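Consider the two complexes below, in which subunit A is the common component and subunit B and subunit C are the respective partners.
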Partner chain A sequence: MSAVARSEQPPLARPNGWWGMAIFVATEATLFGTIIGTYFYLRFNNLHWPPPGVPEPKLTLPLLLTGILVATSVPMQFAASAAAKGRLSAARAALLLAVVVQAGYLGMQLHLFVHDVHEFPPSGSAYSSAYFTMLGGHDLHVGLGILLNLWLLLRTSTGLTTYRMNAIRATTFYWHFINILALCVVGTQISPRA
Partner chain B sequence: MRGRGLSIDAEFLQWFGLLGAALTWTVQLVVGFGVTLARCGAANAVLGVDVKAWEISLMAVGIALALLAEAAALTLLWQTRDVDYSDPPPEGRRHFFVVAAVLGNLLFIVIIVLSGTGAIVHEPCMPS
Partner chain C sequence: MATTVTEPALRRIGRLERIWAEPRGVLGWLTTTDHKRIGLLYLFTSLAFFGAGGIEALLMRTQLSEPNAKVLSPETYDQLMTMHGVTMIFLFVIPMTTGAFGNYLVPLMIGARDMAFPRMNALSYWLFLASGLFMYASVFMHSAPNAGWFDYVPLALKEFNPGHNIDFYALGLIFNGIASTATAINLIVTTFKLRAPGMSMNRMPLFCFAILAVSLSLIFALPSLTIDLVFLELQRNLGFHFFDVANGGDPLLWQHLFWLFGHPEVYIIILPAFGIATSIIPTFSKRKMIAFPLVALAELLVAFIGFGVWAHHMFATGLSTITLVFFSAASMMVVIPSTIQVFAWTVTVALGRPEFKAPLLFIGAFITFFVLGGLTGIMFAAIPFDQATTDTYFVVAHFHFIIFGAAVFPILGGFFYWFPKVTGRMYHEGAAVVAFWLTALGTALTFFPMHILGLLGMPRRVYTYPSSLGWGAYNLSETIGAFILTAGLLLIVGNLVWSRFRGVTAPPDPWHGGTLEWATSSPPPPYNFPVIPVVRSAYPNWDREDREADAGRLERGELVLDEGHETSTTTVVDAVPAEVVEMPGESLWPLVVALCTGLLFVMLLTRHYAVAGIFAALTLLAVGAWHLKEPEEL
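For the complex of A and B:
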C-alpha cells in the first residue's frame, strides 16, 4: 500500500473500553503523583531521611523485582496482538505467562512489605508513613491487574469475541501503566541511596 | 460546513466537559501550593502574600469553571440522549464520555471546595 493510500484511510477509532481505561489510568496517575509528591515534600523538609533508627532502603532486590515486573509488558503486548489476529491459544498462553510472573512479583513484594512493617511500622515516622502508602498502593494496583488477567483467562476459555479482545487491549494498556508506575515507585523508594 | 461546525462544537463540549474540572482542580492545587511557599519564604516581607485571599479567589474561579464544565457535559448529554454508548464513534464515544464527565465533575466540585476550605482553615508555615 502506498503512503498516499495509507494516509487516506480514516483513523481507527478506539473502543470505549480503551477510553474508559485511559480515564481510569489518568485518575491513578494523579493519585500516585500526589503520593510521590508528598514523599519528596516530606523528604525536603527533613534533614535525616530515612530518620534515625530506620534502615536505608534495599537496592538490589527491589530493582530486580521491578525489572521482572516491567518485562511482563512484553507478553501482555503479545497477548493483545495475538488476540487482534484471532490467535486465541497464543493470547491465552501469553496472558498465563504474564500472570504467573506478576503473581510471583506480588508474593515477593508482600513478603518484603510485611518484613518492613515489623522493622519500622507506618505510624513510626513521616518517612515510614509515606513509604508504606506508596508501596501498599502500588501492590494493590498490581493485585488488581492480576485479577483482571485471571478474569480475562476465565472469559476467553469459551472463545474470543470483540468485547473480550477489547478487554485484553484495555488490560494491556493498564499493565503498561502499572509497569511505568513501578519504575517511578522503585525510583522513589531507593532515592535515599542516591 | 454547518454539520462540520456542529461537530467541532460537540468535540469542544466533550473534552471541556470531561477534562475542564480536573484541570481546574490541578491549577488550584499547584498555584495554591506555590502561594503558600511564597507566603512562607523570606521574600514575603516584601511581597506580603495573602494566602486566604488567594485561596478564596482560586476556589471561586475553580467552582465557576467546574460548573461550566458540568454545564457543557449536561448539554452534550442532552444532545446525545438518543445515543447508546455502544453506538459507533464519535457519537457513542461522546455519550460515554459525557456520562463519566457528569458524574466526575460533581466529584471535582466537591474536591475543589474541600481543597480550598482546607487551605483557608490551615495555618501556613507550620512545621510538617
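For the complex of A and C:
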C-alpha cells in the first residue's frame, strides 16, 4: 500500500497492500463459503427445491452474463501489468474497458434481481431467502469493485505513483476473486437444474 | 543501548524525533496512527468495558447469593447475563489482546516502527469504540440483548422477542466484527512483512506466533458469525426465512453457523494468553523456551483444530450419531497441542532459575486453571458425559476456568510485566503479590463450587432457585469469592495507578528480557528504535554483540531511516531486507469514517433505510477523502 521503492532493483517481496488485499479476500471467500454452504444445508433440509410455485432457475442468461463478467479479468490483469511497466494510458484504457463491461453486467443483474423479487419474493420461502441473499451479496461486491475501478481512473488522471500502482495491483486481485466467486454463485444458482 | 552517544548519532535521533512527532493534546489522540498510542486507547477502552462486564457479573452473583432473592427481575437478569457474555468476549478480551497487547507489542517485538497499515489501525480502534457504545446504548434504553451471548433462535426471532434488544446485538456484533477483521488483517501483514532483517519465521517471538494464530482464526471465523447475524436481521426485519421450519428454514442452522465461529472464538480468547505466558516464562526463568518450534506449531495447530470441533456445543440437539462421534474425536485432539504447551511451560521453569515475581505468579495460576479447565474440557468431549451435564453449572465452571482463569490471568501478569516498558516506572511488588493471591483464591472460590452445583443439577441461565434444593451455601461462597476477586482486581488497578505517578524509575530492560521491546528505552520513543535492529536468534536482546552492532550502525547512519516517516520491510519467510517503505502519518479521516459507519448502524437499527443509504455513501466518500493523501506526499 505504502511502498516506495528506493532502489532500482525489482522488489524482493510483494507490497504490503497486496498482502492486505489477499487476506481480505480470504475472509470474503469464507463469507461466501458460508452463504453457499447455507444454501445447500437448506436444500438438503427441504423436499422440494425450489418449492412448489417457484420457477426453476434460468440457465442461459445467468451463464452468459457470468461469462462476460469473468472475461473482464483479462483487461484488469492487463491494466496491472501495464501500470507496473509505467504505461499509464494503456492501463487507464484497460481499466475503462473493464469498468464499462462490469457496470453493464451489474445493470443487467439488478434488472433480473428486481424481476425475480416480484416473481418469488424472499419472504416466500427459505429457497428464495437463500437465493436473494447470495445474489444480492455478490452484486454488492461487484458494485464495490466498480467503485474501486472508478476511483483508480480518477486518481490516475493526475499520473502514476508507486502507491497507485500497488492499488491497481490489489484491485486486480480483488476482481479475479469476484470473478471466481461469480462462477461459484452461478453454479449454486443453477444447481437445482442439475 | 549505546554506551557513548556521539554527535552524529544524536543528530540522527533528533531528526527521527521531528519526523515522528504527532500533534499534542486531544487532537493528537484523535488523529494518532502511532501503534503505541492506539494500543493505549484500546487498553483503557477495553478496561472500561471490563469494568462494566464485571459490575454485571457482581449484580448476577448478588441475585444468586441466596434462594428466591429479589435483587433483579428475571428480565433484567437476562439482559445482564447476555451483556456480561457479549462484553467480556467482544468488548474486553478480543480488543484487549489483539488491540492493546498486540498493537503495542508486536511492532516492538519484531523491530518495526509501526503497524503495516497505521491509518487502518486507527480506524479499527474507532470502529471498536463506536460498536461498544452502540451496544451499551441499549442498556440505557432498557432494551439490552436478552437471549444469551449465543442468541439461540427461535427465542431471538421477532415473534418471541419483538423489541430492539436482539437488533442491538446483531447489528452491534456485525459492526464490531468489521473492527476485529481490520485489526486481524493489520496484525497478519505486520508479522509477515515488517519483521526486522534476519528475523526469519523461526526466530519470531512466540507471542507474535500466538497473535498471528489469533488473527488467522479471526479472519476465517468471523465471517460465519457475520453471515448468521445478517440472516437473523433479514429474518427479523425483512421477513426472510432462514430459521423457521414452517417455511423451509431450520433453527439448528443458527447454532451451526454460530459455533462454527464460536469455537474458534474460544481459542481466539485463549491463544494470546499462551503468547503472554511464553513471553513471561523465559524472562523469569532466565532461559529460552524449550521446544520453541513445537510450541510455535502447537499455537497454530490449536487455532486450526478449533475449526473442526464446533458441533461439540450441540451434542444435545439431536445430531446423528456419526456426527457426534466425529466431533467427539476431533475435540479430544485438542489435547495434543495443549499438552505440548503445558509441558514446555512447566519444564522451562523447572530447567531454569525461576524468580517468582508477580508476573510469573500469575502465569503459575494460569497453568493451574488451564489444566483444571482443560480436564473438564476433555470430559465434555465424551458424548454421554456432555449429554448429562449440558446446560448445567458444570459448563459454567468449565468455561470460566478457561476464559477467566486461563485467559485473563496472563493478561493481569502481562500488565505487571510490561508496565515498566509502557510507563517507564516500576510497580509495587509487595502489593502485586497480595493482589495475586486475592485474585487467584477469589477465582477458585467463585468458580470451583460451580462444578458441584452442576453435578447437583443446577441449570445455567436461571435467575433464581428454590431453597429446598440445598444450593444456597455453594452459591453464597461463589458470591463471596466474586467479591474477593473484585478486591484483588481493584488492588491491581490501584497499584498500577499509584506506580504510574509514584513508582521508581524503570530502566529500559528491568527484567533482562530476551525480546526486542526491551532493547529500546522505557517508554519507547514514537519511532520505537533509533536504528532498525538486525536479528540472528529468537531472543535477540540476549545477543549482546548484535545490540552493540546496532549502536554502531546508528553511529554510521545505516538502517536509521531518518530521511522520512519510514520503516523497513523484509521477505515473508526468511526476513531478507526487501525495501524501505514510507508510512502514512496522523489523519482525522479514520475517526470520520468510524463516525459515519456508526450513524449508518444507528439508522439500520431504527429502520430508516434511506437515511442509512446516505450514511453509507458518506462513509465511502470519507474513505475516498482519506486516500487523497498518499504516503509519499506527506
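What we mean here is this: the second predicted complex is superposed on the first by the 183 of 194 C-alpha atoms of A that agree within 3 Å, B and C clash if a C-alpha of one lies under 4 Å from a C-alpha of the other, contacts with A are read in each partner's own complex, and residues count from 1 in each chain.
Going forward, a residue touches a chain if its C-beta (ideal position, glycine included) is under 8 Å from a C-beta of that chain, and two chains touch if they have at least 3 such contacts.
Here the structure is a predicted model, which means the values were calculated and not measured.
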With everything superposed onto subunit A, say whether subunit B and subunit C fit together or clash. clash
With the two structures laid over each other on chain A, which partner does A:23 touch: subunit B (first), subunit C (second), both, or neither? both
If you stack the two complexes on chain A, which partner ends up touching A:126: first (subunit B), second (subunit C), both, or neither? both
More subunit A residues in contact - subunit B or subunit C: C
Have a look at where A:53 lands relative to subunit B and subunit C in the superposition and call it first, second, both or neither. neither
Please indicate which partner A:162 is in contact with in the superposed arrangement: first for subunit B, second for subunit C, both, or neither. second
Please indicate which partner A:42 is in contact with in the superposed arrangement: first for subunit B, second for subunit C, both, or neither. both
Using the superposition on chain A described above, determine whether A:104 touches subunit B (first), subunit C (second), both, or neither. neither
Partner chain(s) touched by A:86 [first = subunit B, second = subunit C, both, neither]: neither
Which residues form the common part of the subunit A surface touched by subunit B and by subunit C? 13, 16, 19-20, 23, 26, 30, 41-42, 45, 126
Please name which positions on subunit A make contact with subunit C in the complex. 1-7, 11-13, 16, 19-20, 23-24, 26-28, 30-31, 33-35, 38, 41-42, 45-46, 51, 122-127, 129-130, 132-133, 147, 151, 155, 161-164
Can you tell me which positions in subunit C touch subunit A when the two form their complex? 116-117, 120, 181, 184-186, 188-189, 192-193, 219-220, 222-224, 226-227, 230-231, 234-235, 238-242, 247-250, 253, 256-257, 260, 569-572, 576-584, 620, 624, 627, 630-632
Which residues, counting only subunit A, touch subunit B once they are in their complex? 13, 16, 19-20, 23, 26, 30, 41-42, 45, 126
In the complex of these two chains, what residues of subunit B are touching subunit A? 18, 22, 26, 85-86, 88-90, 92-93, 96-97, 100, 127-128
